[in-house]
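In what follows, subunit A forms one complex with subunit B and a second complex with subunit C.
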Partner chain A sequence: MQNRELVIIGGGPAGLSAAVEARRLGIEDVLVIDRESEPGGILKQCIHTGFGLHIFKEELTGPEYAERFIRKAEALGVEIMLDTMVIELTSDRRIVAVNGREGLVEIQAKAIILAMGCRERTRGAIKIPGFRPAGIFTAGTAQRFVNIEGYMPGCEIVILGSGDIGLIMARRLTLEGAKVRCVVEIMPYSNGLTRNIVQCLEDYSIPLLLKHTVVNIHGKKRVEGVTIAEVDDEMKPIMETAQFIPCDTLLLSVGLIPENELSRMAGIEIDDVTGGPVVNQRLETSVPGIFACGNVLHVHDLVDFVTQEAMEAARGVASYLADGGKKYDHIPVTAGEGLRYVLPQRINVEAMTGEKQNFFMRCARPMARARLYVESERGVIESRLLSHVKPSEMISIKLGRDELKGVKMLKFILQEEGDKIECND
Partner chain B sequence: MVDVVIIGGGVVGCMIARELSRYQLKTVLLEKEDDVASGTSKANSAIVHAGYDPKPGTLKAKLNVRGNPLFDKICSELDVPFKRIGSLVVSLTEEEDRVLEELLERGKKNGVPGLKIINREELLKMEPNVNKKARAALYAPTAGIICPYELTIALAENACQNGVEIKLNSKVVGIKVVNNGELAVMTPTETIHTRYVINAAGLYADEISKMAGAEEYRITPRKGEYLLFDKRFGNIVNRIIFPTPSKISKGILVCPTVDGNFFIGPNSNDVTEKDDVAVTPEGIEEIIKGAQKLVPELPLNHVITSFAGLRAVSDTDDFIIGASKKVRGFINVGGIQSPGLSAAPAIAEMVLEILKEEGLSLKEKRDYNPERPRVYKFRQMNNEERRELIRKNPAYGRVICRCETVTEGEIIDAIRRPVGARSLDAVKRRTRAGMGRCQGGFCSPRVIEILSRELGISPLEITKCGCGSEILKGRTKEFIETGGVVDAK
Partner chain C sequence: MSATTEKRRVTCIVCPSGCRINVEIEGGKIIEISGNQCKRGADYATTEVTQPMRVLTTTVRLENGRLLPVKTSHPIPKALLFDAIKELSGVVVKPPVKMGQVVYSNVAGTGVDVVATRSWD
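Here is the complex of A and B:
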């Protein structure tokens, strides 16, 4: 049994950022465990640009962004254990991990940061009818085949879902010589960043069919085509609009799910809406000494925000190690009308790690102009005007310690302002 | 010249192959797909039924009740998990109460042990998630669950280990009587001369029988669709939960799997094509509605996959098992629909009796080994065993499939064992890599890499389930040069 001060599970952007920040804050012993042969997580296969605009004020590729943190981590003496998979996690912070070199590795940690990221929603999860031939990939798996392995998953492609990875892959596969027939999105708006719609679809004249879905997959051995149809306001397919689109490949970009199997094993409370742990102001889960950040906590739009959140988790760990795991009461933070969720789900104002507390949230539907209200038991304590909010883009707001002092609850509400405007972007 | 050719590598064909492997015989099994258990045996309800359902006096009744108790020994010899969890037929109306009585009577006539009707309170105590409107249930303690393809693969491996030759990708295209007492079985690549042919061709048994000039009958494919749920909800029910049966099927059930998931289904619809395993939106709706009658609160957001299987339904409404009166040495084992899996061990016994009657002499082998070498399953081991295994071979310390915790060592084993895996689905059926909640999203590139390395072929040649189902279309840069229309090879 090894005794370690801080163990971070996952060496992607969240884990690496947390490790670097933890060392900067003076935590001596930081171990990152990652299941792959190289650190960097999913960034390794994200060879497009667009990373780092907020953190570095530069436009980097995924591997470049990861590389900066890997170098810093190495320079700061962070230990990274690769090819190692954590298979057990307990609520008293014991870890069992496995690799081919050491066999089973047992670790007792003082603090743990969960940074396992997320996985892609599958065909089964969205119950697409039809056959089960070769040629159906999640967008991220296709991305790995193309960018890491150097293989093409298909020649003629239909993409279901307009999540960012799907949009990025539409462009990537086009550049590699494949024909992307269309991107089909069941919602009346895209689930990707506006910049990706423009740069990955519009620039290559790839049609985006909103309010459409795939209703059948054809082909017994290999995909031979899909039937798509428009959906009504209840998202039920209108079969009169059904049309067959020949293709040999269907990519799915239909959402990401935080990977919380280990968290559940440790008995950590999970939020049904985010799919990630319930956390407090310092991103500590319901199990003392176990923290969470990045896509395992909630799915992010930009990696820069993952880094910011991971730094917050590292500060949380530092404060936990400093106060010896002192118990705090929390006030509830809830999402009201217009919002899907707000994070953290509970806070203690006295124990905030900085002068300001960051709150992350996602809206329930696109709004051209909206006002965000923050209510306490005393009424509205803060309001902000926001423009062009979309469910695909996170909203964040900072509230100061003074504003929050003495409140017994917080509720965030997003109300559309002015006439409803059709949101076309 | 061989003694016996078995056509069909489903559970029935492989069970017969293993039975024959006890004796000093030359036996060949021909399977048209790239793996055994590729038809009905890979997609069904995975249940070893107690035997109260089939009509007394039928082969179905007799062989089901005889087959059920044989599973414990077979599964322990083959290192295949089998759980005798029991089943409950739930009644929701007064009329259905009467059906329970009928089933109880029928079960007694069939010789099913331990059947009893339990009241609502007992039922809800045993199964708290079952519909509160339930009135009573028929409890059958001998019913069990098993993984049908795991069993079939294990039977094939053990048969192979004992000298049966298993030829995959070998579709039978012709059967001829050469002379009295000799038959010729043709595949696209060879002709095999044999004294006996056993037709265990599942959905295609009617075509094979006709091809040989033997008795004519008809097999109709009857589709059943299923939804499989995440392991997190595997204990929503503890036993197999049936509705009262209809004329054509045992109804849509809620059932745990031996691997810890649970499924709902199947519905029951005749289709025209024998490879129509497409899932339909109406079908999904039908099984959800059906299952909700038994268990109203289903975690529908945690479905990991849907699939469909086909029952091989004969026009005689019973199994068709017997020596042909028209073609000497040709034995039909057709129409093996439910309870075919449960009856399979007894079917094999019966087929051996028929072969004896038809003049085949069965001399036992001295070196027959009924035990299949152990299959390492990392996820089921304790940490001591894991440590020991990794010490022997570090490949067991490299986790490839995260959802099901499958290691590289297990995948290599699956490829190198007898009747080894040659495709992604074959690896999946042997190891569960890709069967979890991410459905192969993370591990399929790694499994392709391992298959390609082990088999010494290009990743471009790796298939999902045999020729025509290649997964990748070309190398990236070649693709642009050829205008994006290169073929897999």
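Here is the complex of A and C:
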């Protein structure tokens, strides 16, 4: 059994950023464990640009963003254990991992940061009828095939779901010579960035069919086509609008789920809405000494926010190691009307790691103009006007210690505003 | 022969408003831009209609059979993206490679370099 100070499970941008920040804060012994043969997580396959605008003020590709953090981590003496899969985690912070060199590795850690990322929703999770022929992939798997393994998943492609990964793959496959017939989205709006709709679809005249879905998959051995149909306001397919689209490949870009098997094993409380752990102001889960950040905590669309959150988790670990795991009471933080969730789900204002507390949230539907209200038991304590909120783009706001002092609860509400501009702020 | 009017639609991506801009072109000249809410949108639409530029990201082969992710060091004309991809499909790079290293020059006659976006030992 090894004894370590801080063990980080997952060496993607979350794990690497947390490791770098932990070393900067003076934590001596930092070990990152990743099951792959190289650190960098999902960024290794995201060869397109769009990473790091906030952190580096530059538009980097995924591999470039990852390499910058890998270099920093190495320069700061972070130990990275690769090809090693963590298979067990307990509530008293014991880890069992397995690799080909040492077999089973047992580690007792003083603190742990979960940074395992997320995985893609698969077809089973969304239930399309039809046979199970070859030629159905998640967009991320197709991305790995094309960008890392170097082969094409197919020639004629339909993409279900308009999340960014699907849009990015529509362009990538087109450039590599495939014909992308259309992108089909069940919602009345796209889940991707406008920039991606323009540069990945409009640039190549790929149709985006909103309020449509795939109702059937044809083919026994290999996909031969799909039937798509428009949906009504209740998202039920209108069968009169059904049409057959020949294709040999269906890509699914229908969402991501935080990877929390280990968290559950350790008895960590999971939030039903985010799919990730419930955390407090320092991103500590319900199990003392175990922290979480990145896609394992909630799904992020921007890697810059992943890095910021990971740095916060590292500060949380530093404060935990300093106060010896002292117990704190928390006040609840909840999402009201207009919002799907707010993170952290509970806070202790006295124990905040900085002068400001970051809150991350997602709205329930797109709004051109909206006002965000923060309520305590005393009424509204803060309000902000936001423009162009979308469920796919995370909202982040900071509240100061003074504003939060003495409050017993916090509730965030997002209300749509009319087109008229009110000049009251 | 009288010049025909061509209508083009451009979605502005300069800010999150995402204005739908209409551009009217006559005899190769822009005669009207509408739908934009600000000057930046008009500039964007003009470039998009006359000379749209994009950074190309793709992969090239390494001698060891693996793939090396690369990008053009500057944006290149959108119309040349497929030519560039075709040219790069024949490129084989010998490791070691450093991130930022030029692996191919003057892609599709644009004068722009193609650089590695990761290191490979």
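In this text, the second predicted complex is superposed on the first by the 418 of 425 C-alpha atoms of A that agree within 3 Å, B and C clash if a C-alpha of one lies under 4 Å from a C-alpha of the other, contacts with A are read in each partner's own complex, and residues count from 1 in each chain.
Keep in mind that, in the parts below, a residue touches a chain if its C-beta (ideal position, glycine included) is under 8 Å from a C-beta of that chain, and two chains touch if they have at least 3 such contacts.
Please read these numbers as outputs of a predicted model, since none were measured by experiment.
Visitor: In the superposed arrangement, which partner chain does A:Lys408 touch: subunit B (first), subunit C (second), both, or neither?
Guide: A:Lys408 sits against neither subunit B nor subunit C.
Visitor: Which partner does A:Glu202 contact after superposing on A: first (subunit B), second (subunit C), both, neither?
Guide: A:Glu202 sits against subunit C, while subunit B stays out of touch.
Visitor: Please indicate which partner A:Pro133 is in contact with in the superposed arrangement: first for subunit B, second for subunit C, both, or neither.
Guide: In the superposed model, A:Pro133 contacts subunit B only, not subunit C.
Visitor: Which partner, subunit B or subunit C, is in contact with more residues of subunit A?
Guide: Here the partner covering more residues of subunit A is B.
Visitor: Just checking: does A:Glu176 make contact with subunit B only, subunit C only, both, or neither of them? Give me first, second, both or neither.
Guide: both
Visitor: Mind working out whether A:His48 is in touch with subunit B, subunit C, both or neither, as first, second, both or neither?
Guide: In the superposition, A:His48 touches subunit C alone.
Visitor: Just checking: does A:Ser387 make contact with subunit B only, subunit C only, both, or neither of them? Give me first, second, both or neither.
Guide: second
Visitor: So in the superposed three-chain picture, is A:Lys327 touching just subunit B, just subunit C, both, or none of them (first/second/both/neither)?
Guide: Neither partner.
Visitor: After the superposition on A, what does A:Glu64 contact: first (subunit B), second (subunit C), both or neither?
Guide: A:Glu64 sits against subunit C, while subunit B stays out of touch.
Visitor: In the superposed arrangement, which partner chain does A:Gly150 touch: subunit B (first), subunit C (second), both, or neither?
Guide: both
Visitor: Identify the residues of subunit A that lie in both the subunit B contact region and the subunit C contact region.
Guide: 148-150, 176
Visitor: Which residues of subunit A touch subunit C once you look at their complex with the stated criterion?
Guide: The contact residues of subunit A facing subunit C are 47-49, 59-61, 63-64, 66-67, 147-150, 175-176, 194-195, 197-199, 202-203, 387-388.
Visitor: Show me the residue ranges of subunit C that touch subunit A in the complex, using the header's touch definition.
Guide: That would be residues 11, 13, 16-18, 52, 54-59, 61, 66-67, 69, 71, 78, 81-82, 85, 99, 117-119 of subunit C.
Visitor: Which bits of subunit B are touching subunit A when the two form their complex?
Guide: Residues 227-228, 232, 275, 277-281, 283-284, 301, 303-307, 383, 386-387, 390-391, 394-399, 402-403, 405, 437-442, 444-445, 449, 459-460, 463-477, 479-480, 482-485 of subunit B touch subunit A in their complex.
Visitor: Provide the residue numbers of subunit A that touch subunit B in the complex, in ascending order.
Guide: Touch residues, subunit A against subunit B: 35, 83, 85, 87, 96, 98-104, 119-120, 122-125, 127, 129-135, 138, 140-141, 144-146, 148-155, 176-179, 215-217, 220-222, 237, 248-249, 261, 264.
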